[in-house]
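Same chain, two partners: chain A is paired with chain B first, then with chain C.
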Partner chain A sequence: MQRNTGAPISRVMSLWEYANPKKFMQVSGAVLPWVGGLAAACLAIGLSWGFFFTPDDFRQGSTVKIIYIHVPAALMGINAWLMMLVTSLIWLVRRHHVSALAAKAAAPVGLVMTVIALATGAIWGQPMWGTWWAWDPRLTSFLILGLFYLGYIALWSAIDNPDTAADLTAVLCLVGSVFALLSRYAVLFWNQGLHQGASLTVTQDNPISDVFYWPLVTSISGFVLLFLTLVLIRTRTEIRRRRLQALLNRERRT
Partner chain B sequence: MPELGKYAVEVASAYVVSLALLGGLVWLSLRQGARVRAELRAVEARRNRSDG
Partner chain C sequence: MIALLRRDMAVATRAGGGFGLGLAFFLVMVVLVPLSVGPDTGVLSRIAPGILWLGALLACLLSLDRIFALDFEDGSLDLLATAPLPLEGAVAIKALAHWLTTGLPLTLMAPLLGVLLNLPVPGYGWLLVSLALGTPALSVIGAFGAALTVGLRRGGLLLSLLVLPLYVPTLIFGAEVARRGAEGMPVATPLALLAGISLGCAALIPFAAAAALRVNLR
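== the complex of A and B ==
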């Protein structure tokens, strides 16, 4: 990791202070137990509420219970990529190493979320649509997003120079964002798909009824917090790994 | 167990598969973190000894 280069020019506290690895380690270490605990609580409540205490849907029967995993996982599969897009851009523009490492740390988490969404979608699609898989616009762009995750992770491990790896993966992330956005919005402009539209909207008229809504919101909060927890843990590991590498290189030189 | 009717296998397997994947991810992240932290500590201790 780069050392903090001198005192800050401005005394004003800013967001960029967290780009300093030392500061990041301090703050993330302090908030991790809270974020992690909250994630576990929300997941435990949301998922057991959804699984044990919600009624069946009049058409879908008990398969509707899959929604409490499928929707949050798909949402995080897409949003993890968008988070990686933001941190990659910060790396490209401002060269903050923590930002690049956060993108690297988030990728496996996003991949697992995408795999869960695809798996639960297939398990749900089989009884409801009569097929595990369809080349529906939303499903297809989501599958491509999953492949982009694999490519992104592979590219990080294929390049030895960490700054070059960060540059190239950032560009790959920009390209893949097309599919992250498509899997969210394809349903709106290609209407031959099987997949339905959004389950939740910010406006008051929810497409789903209250008995399903609140456990779903709790479960989504749990997935968001779990993502945050894992990204913090993994970014801390990446920062330590960089420092370890720097120390080993210095030992070898002396 | 709630009454899952004729879709019991589907619903249960969706939950089991997802929880297993999430559990695996958490376990891997924690294990990697612990390993790197231990290695870093060892190298830092070695460096401090050679400095002193």
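== the complex of A and C ==
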């Protein structure tokens, strides 16, 4: 009888069940093809719609189309760090290994997204602003975010003991988040910007026209799903690597 | 705490402590700047506040790994961690000792080097004030970086990669105070923000650094 009453209670805590590596592997293995497929579909539709079936902007010409890569990549560059912040906190508080490994897995993806945003911005800036690079607050704080990613990844790879590495990088991620935010506002104080304001708002009156809006939303969802796919794949790899290491250690002991 | 401060100061200032190295580095760097950008006094006096701030920051970076590394190697860090003094307090004291042996001498030396770079006259006072307010933040943030990398064999390079991005806000506001001071503009806003960063770092970073040290001593 008591077992029967116990089951629903454990189901209330369902989110934490995925902290179990076995459960995580099962679910993520089942979900992965769908997420990956959906990411590919969204990207294909969003990008080709954006590139081939939208009109040129009356002032920016066809260069406006880089928005379909630039904005989603920049969005994911920031959100990847946010995700690392959350998973680092979960690791520090609840000691779930999957959480720490997910943070580790997200960092290189976030770095690549940041680099893509910077590179596409430079490619767009050359014809539009007449320069590849300007020390504009947004550009500068993005570059600094990239440096934070570099430091985080370097710290992970420098420490041998995986639990020590997870703890230290989690602390670095927390402190780094505060300083990344501080840098953002310090840089705003330091120089006035060339970069335009936010391209998207949650409210109805968007700064960009509907013709560009829907393909942009599609390609943003594509980037989110792509990020999710890559993080899942990388987390699964990390879990397998951990298991392999555990097996090797066990074999060495016998 | 006072005893720990005295001990750290003694270790840092006696022979082999590398006390003068940071100052010498600062001097050499400032001498190299005119050699690289040319002797034009107009250019030099424009970039002087920024160069002096950058030089002080890099000189500060040089001695960071010594905050914990020596104590970690000979085991006295373990004793500190098990001592009745909270580890956060020990970290704060060690950062203070680092500031007294690095940041403070750099601050006092900066106006002398300002002469070499043709720093405009109104800039000297504000350079001194901004460095005096900003270098404590550099020491405390550096102590956090040193705590993260204390157990590593090749921690030095990684330490600079980790710490330099964290120095960004301090550098921006500090150099802004010095630049505005040199140009005779009002400095109150960046000065207040710089002081805020220093105080906030001194209050909060020791906790993060102590957490990192505990992980490394595990």
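The rule is simple: the second predicted complex is superposed on the first by the 227 of 254 C-alpha atoms of A that agree within 3 Å, B and C clash if a C-alpha of one lies under 4 Å from a C-alpha of the other, contacts with A are read in each partner's own complex, and residues count from 1 in each chain.
Criterion: a residue touches a chain if its C-beta (ideal position, glycine included) is under 8 Å from a C-beta of that chain, and two chains touch if they have at least 3 such contacts.
It should be emphasised that the depicted structure is a prediction, and the values quoted were computed from it without experimental measurement.
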{"item": "Which of chain B and chain C A:48 touches, first, second, both or neither", "value": "neither"}
{"item": "First, second, both or neither for A:164, with chain B first and chain C second", "value": "second"}
{"item": "First, second, both or neither for A:233, with chain B first and chain C second", "value": "first"}
{"item": "First, second, both or neither for A:174, with chain B first and chain C second", "value": "second"}
{"item": "Chain C versus chain B, contacts on chain A by residue", "value": "B"}
{"item": "Which superposed partner A:154 touches (first chain B, second chain C, both, neither)", "value": "second"}
{"item": "First (chain B), second (chain C), both or neither touched by A:120", "value": "first"}
{"item": "Shared chain A contacts, counted only where both chain B and chain C touch the same residue", "value": "none"}
{"item": "Residues of chain A defined as touching chain B within the complex", "value": "47, 51-53, 56, 61-63, 65-66, 69-70, 73, 108-109, 112, 115-116, 119-120, 123-124, 126-127, 226, 230, 233-234, 236-237, 240-241, 243-244, 247-248, 251"}
{"item": "Interface residues, chain C side, partner chain A - complex", "value": "144, 148-149, 151-152, 154-155, 158, 161-162, 164-166, 168-169, 172-173, 176, 189-190, 193, 197, 205, 208, 211-212, 215-216, 218"}
{"item": "Residue ranges of chain B touching chain A (in the complex, touch as defined)", "value": "2-8, 10-11, 13-15, 17-18, 21-22, 24-26, 29-30, 32-33, 36-37, 39-40, 43-44, 47"}
{"item": "Residues on chain A engaged by chain C in the complex (per definition of touch)", "value": "144, 147-148, 150-151, 154-155, 158-159, 164, 167-168, 171-172, 174-176, 179, 182-183, 185-187, 189-190"}
